[in-house]
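Each of the next two complexes has chain A plus one other chain: chain B in the first, chain C in the second.
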Partner chain A sequence: MKQKKRINMAFYVMTVPMAVLFFCFHTFPFLQGVFYSFTDWKGYGNWKFVGLRNYLHIFQDKNVISAYLFTFQFAICATILVNVLSLLLACALNAKIKCKNFLKAVFFLPYMLGTLIISYVFKYIFSNIIPLFGKALGIAALSKNILGTNHAWIGVLVVTVWQSMAFNTLIYLSGLQTVDRDLYEAAALDGATGMKRFFKITFPLIAPFFTINMVLSGKNFLMAFDQFIAMTNGGPGTATTTISVLIYKKGFSGGQFAYQSANAVLLFIVVVLISVFQLRVLERREEKVN
Partner chain B sequence: MEDVRVRRLKREKTNWALTLLLFFIAILFIFGPLYMTVVIAVKSPQEMGNVLALPKSIQWSNFSKAWEMTDYPRKFANTLFITVVNLVFTVFTNAMASYAIARNRKKSKFFNFLYYYFISAMFIPFNVLMLPLVNEANKFHIDNVIGITFLYIVFGLPMNTFLYTGYIKSIPEALDEAAVIDGASPIQTFILIMFPMLKPMTATVAILSVMWTWNDFLMPLVLLSDKSQQTLQLAQYIFQGQFNTQYNLAFASYLLVLLPVLIFYVLCQKWIISGVVTGAVKQ
Partner chain C sequence: MMKGKKFLALTLIATMTGSMLAGCGDSSGSSGSTGSTGGTETASKEDGGSGEVELELFSTKTENADILQEMIDGFMEENPNIKITLTSEADAGTVLKTRLTKNDIPELIAMGGDSNYTELQSAGVLLDLSGEDFISEVQEAYLDMLYDVNVDKEQTAYGVPYATNASGVLYNEDLFAQAGVEVPKTWSEFQDVVTKLQDAGITPFELTFADSWTCLPPWNSMAPVIPDANFTDERKAGNTTFTGTHEEILEKYLWLLDYAQEDFMGTTYTDGNAAFANGSAAMMINGNWAISEFLNTNPDMNVNMFAFPSVDDESKNTVTSGVDVLLAVSNQGTEEQQEAAKEFIRYALKPEVAQSYIDDQFAFSAVNGVEQTNETVSGVSKDIANGKVSNFPDHYYPNGFDLSTILQQFALNKVNGMDDAQNIEETLTSCDEQYDAANVE
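Up next is the complex of A and B:
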């Protein structure tokens, strides 16, 4: 028994240096952030412990609260839209169509392109192209640049959905391809077609892929940063300031290092809770179905 | 939902209406914005009155101006360095660490701990640790291209450990034992036997790493303040002010950044798609 337990030194050589580096540059800054969240450090100069003061202030800070509410609103809308639309698109791509591989490749293309640049391109579309069509067609709602109005977030939502659909569609499509077509034949004999077949047969079978997509997209949208910096820079005013944008703007240049560290810790807790919650709920539902 | 005729499975009819609809959506939503990007990039400012029309002649000078303005060769070299060096080191070091962890998890609490340590770090988003990290990076003087490459290698570890250990589990341990009996050390076993067998998962890790480093914006934004160290994505952000309303230059510059990715995608499209699917489904 004892001999079996002995582990060759070489295995330690293979992992320990990486683990040490990981601790120094990932875990250590994380712990440091937690530590500073209990102080009043501005990012320079002296500091002292202030206990839970930063956290108490966060819950009364209008900027922080509105950033959280806005981020949740954005993340929920984006998650639902992306998943519904990519599921539809994946079903269409899974049907008997011509040029299937070509279309699949085309719809996956947005995944490859940097979010920042895509956002700049769409910013131009929203500010110059769509108002042109809006005026030509006489639709008032489309005649002005949406990014300058109170509905700016819808513009960012469109870009986010446009890009995220690529990945989600691909995952749903690979899920749909695992479904045995004989099942459909059997279902048809029992009279299940169309919507009924989708909800009773197809959807339960691709439930694991639904879980992957929900968890990954939910987490990504809570972190949304690039598209907001590029399209609205958090504005107009602070209307589209997400949590990440707030931490970046105030943490680095606002002299709020400790305060925004507390905000970051809170964000971490929120992300963990939501991810765990999603996994629990979705997996339980999967089990029920199977 | 999808309109599959079930009656004759083998001789399903092609759904032409759906094919047409999908082509229509693809042209409008995918090729449309791309077409607009290209057209604006090759136009002169005078021709912007009719934005979507084709230009009379192609203004190559847009590209050369954007090239000089953003110092494209330098930024390209930086981005390429980060992407390639990160790729080589990530694949090798992360696979090696995962191999050691996967094979010793059951025998040793230490390796089991490392496994959970790395995996649980997947829950820590970059935004959460970026404030202290930037301070630390300034102290260690790693706020440059080489430093950020090093950070990418370290930060990829949680995700890649997860992907690799899952895959290594499916490879029979008898293979390693046979190598040990033949007198191979663990490192030799890894390099000569394991690493070649990990090829499918390595493809996935490689694709995800490349896409991450090439398109990442936040990490360069907070770490690379020196102009000579900046990446292509970051340069687009920095030069927004200077592009101002010179849309032709801005779009020429975007196109110069998108082009390498587009070429890469056209050439390795199948490989990329299957790599991404494997990565996601294994999660």
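Up next is the complex of A and C:
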């Protein structure tokens, strides 16, 4: 028999309290939410089990379907834009340029501010400052408050991309710093420079970072909430109602607590499935290029 | 290596995704523990002072925070053993419901006589005040309005109507004089006034549809007048639909939009109020609660109100007036707290206190004999005194029925150039669908 290795108690002391806290404040409420999704609870008062009624109703609910469609549209655009722009930014910041640290700080600043604060500031900019410039310059598209038009989501998208870029840039930067400089020298000797160097050397080497960025931002944008509540409150009409906004508005103000819990469980499943799918596809690609 | 990373990523996702559900679940989490005991938190609060009773007054209106605080200060001077703290925050209706899920009900609640009240009343957390001596101080008409929104129209006062409001047309007297027009009494006169204003180079309406709730006032003014009087009951029973009864309202609504300022969809309530106070337009379709906002921006503004002239039969047009603030007591507090809360209501109903409240708010009082004499609302105070009022129709709609969003979409469709007939048809269909979705017990 193999001799059993003694595990230091310290490891348990470090992990167990966290696990307990996590379970109490996170997993348990989550399970409660799942539980209530099978009831007709309004958030208070009496309730009874209704089986799968809530879940079946979701698929016939126009509000939910249009919220899902909008959320996907928003998440896809935001994920692509954020990753392309932050990769560009990271490459630029990784080059030997002046004031590098100062610029890094500038680009990281939006991440330090709360999404709500940023959103309220931009709400003001969109409704008061931009129309002023638009009128002065005679540009029709800019002389209206974009948040009051069909294109309200573009306004929110711009703000979201601007803020989210900070964190993704940081991850890409740390990725770029893991790339061995010698490789670039060797590549230069073989005649790979510029775009070629980026696509043949740099990008494959930072592929794992690309994967994690794609997955995390995809997940974040599928659950977008703060910026919409602050800037449009899901409007005008229901034009910018994401799933999270719908869950909040209908679940709390609308007295549909149990039904929207079911919706939240569905969203959880959808996000996990998409993330697993992303990981599978992107990792297969990683393995291929490596 | 690959395994480890995948595990890490998956855990991250699971954690972060879960946090959102936890947000919803968290509030329900504590209901299990405090569910039956209710007042545990408040009970411990009292241990602090020596024989002192502590109360929380929760207000769902941010506009009246200052005057409520003044009333509380006055009350506490007279009753040094009672301590009241005021909670007044944005989106208070939602906050209140969230607290309801946690069974953390404030001891004293100042709220509107709307669906929020119905929810609390139906949840059985409000104290029956019918037997109290002070109920006789309040106008019957407003008590009736409150009975109407009780579940099953129970004739019991679970709250005391305190202040009432008026919704209609706010107008700038100077701009009316400049264009040489008089206050219209019928829909035709109204149309006439609007075109004359337009011809005089004055924008007729300032609308603030970036905030969806401001899409409601025109509807609220017309809906009690144009369809049959018993529409709300019949609709609830499923005997009628919005389609076929509300077309005229939406036609008139669309007509109004033609005369609004540019970019009314992108104007917020705050910005619109400031612009209107500075004479950007002649009229605003909203309520008396906005007047104090105008006067903050421009103290010299000559503003007044008139009843929205929905139809040509002058006798039918009414001011939309509802219970804007009612005072209710939670039955979850201790005996002492309930008594102290009643004491506060008794204080608030004193004529001089009620008068100072309505003077500050440009509101109307539900207390017998307390009259609003301010010039800025003189155009409607006569109608209100004569009972030419109807309650807000949306107080009778189910809570989950989000009409403001539907109307905001309706206005957006118009801006996008959708055909009017199609827009009206789609909007009313959507009203019926959303109503039915929300009208489940």
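Just so it is clear, the second predicted complex is superposed on the first by the 265 of 290 C-alpha atoms of A that agree within 3 Å, B and C clash if a C-alpha of one lies under 4 Å from a C-alpha of the other, contacts with A are read in each partner's own complex, and residues count from 1 in each chain.
We adopt the following convention: contacts are C-beta pairs under 8 Å (C-beta built on N, C-alpha and C of every residue); 3 or more make two chains touch, one makes a residue touch a chain.
Not measured: the values here are computed from a predicted model.
Asks: Touch test for A:T238: chain B only (first), chain C only (second), both, or neither?
Replies: The answer is second: A:T238 touches chain C but not chain B.
Asks: According to the stated criteria, A:G255 is in contact with first (chain B), second (chain C), both, or neither; which is it?
Replies: It touches chain C, and chain B stays clear.
Asks: Quick one: is A:E185 in contact with chain B, with chain C, with both, or with neither? Answer first, second, both or neither.
Replies: In the superposition, A:E185 contacts chain B only.
Asks: Counting only touches as set out at the top, which of chain B and chain C does A:D61 meet: first, second, both, neither?
Replies: Only chain C; A:D61 stays clear of chain B.
Asks: Per the contact definition in the header, classify A:I146: touching chain B only (first), chain C only (second), both, or neither.
Replies: It touches chain C, and chain B stays clear.
Asks: Using the touch criterion from the header, give the chain among chain B and chain C with more contacted residues in chain A.
Replies: B
Asks: By the touch definition at the top of the document, which applies to A:V20: first (chain B), second (chain C), both, or neither?
Replies: Once the two structures are laid over each other on A, A:V20 reaches no partner at all.
Asks: Can A:L216 be said to touch chain B (first), chain C (second), both, or neither?
Replies: After superposing on A, A:L216 lies in contact with both chain B and chain C.
Asks: Which of the two partners, first being chain B and second being chain C, lies in contact with A:L273: first, second, both, or neither?
Replies: neither
Asks: Looking at the overlay, does A:N8 come into contact with chain B only (first), chain C only (second), both, or neither?
Replies: first
Asks: Taking the two structures together, which residues of chain A meet both chain B and chain C?
Replies: Residues 25-30, 32-33, 36, 43, 128, 212, 216, 219, 223, 225, 244, 247, 251-252, 257, 260-261, 264-265, 267-268, 271-272, 275, which sit in both footprints.
Asks: Can you check the complex and tell me which residues of chain B touch chain A?
Replies: 1-7, 9, 12-16, 18-19, 21-23, 25-26, 29-31, 33, 36-37, 40, 51-52, 93-94, 96-97, 99-101, 103-104, 107-108, 111, 114, 117-118, 121, 123-125, 127-136, 150-151, 154-155, 157, 185-187, 190, 211, 214-215, 217-218, 221-222, 233, 236-237, 240, 247, 250-251, 254, 257-258, 261-262, 264-265, 269, 272-273, 276-277, 280-281, 283
Asks: Going by the contact rule set out above, which residues of chain C touch chain A in the complex?
Replies: Going by the criterion above, the answer is residues 2, 5-6, 9-10, 12-22, 24-29, 31-32, 93-94, 97-98, 100-101, 103, 119, 122-124, 209-210, 212, 262-268, 271, 399-400, 402, 405-406, 408-413, 415-416, 433-434, 437-438.
Asks: Going by the contact rule at the top, pick out the chain A residues touching chain B in the complex.
Replies: 4-5, 7-8, 10-15, 18-19, 21-22, 25-30, 32-33, 36, 43, 88-89, 91-99, 103-118, 120-122, 124-125, 128-129, 132, 162, 167, 170-171, 174, 181-182, 184-185, 187-188, 193-195, 197-198, 202, 209, 212, 216, 219, 223, 225-226, 229-230, 243-244, 247-248, 251-252, 257, 260-261, 264-265, 267-268, 271-272, 275
Asks: Could you list, by residue number, the parts of chain A that touch chain C in their complex?
Replies: 25-34, 36, 41, 43-45, 61-63, 126-128, 131, 143-150, 208, 211-212, 215-216, 219-220, 223, 225, 233-239, 244, 247, 249-257, 260-261, 264-265, 267-268, 271-272, 275-276, 279, 283, 287
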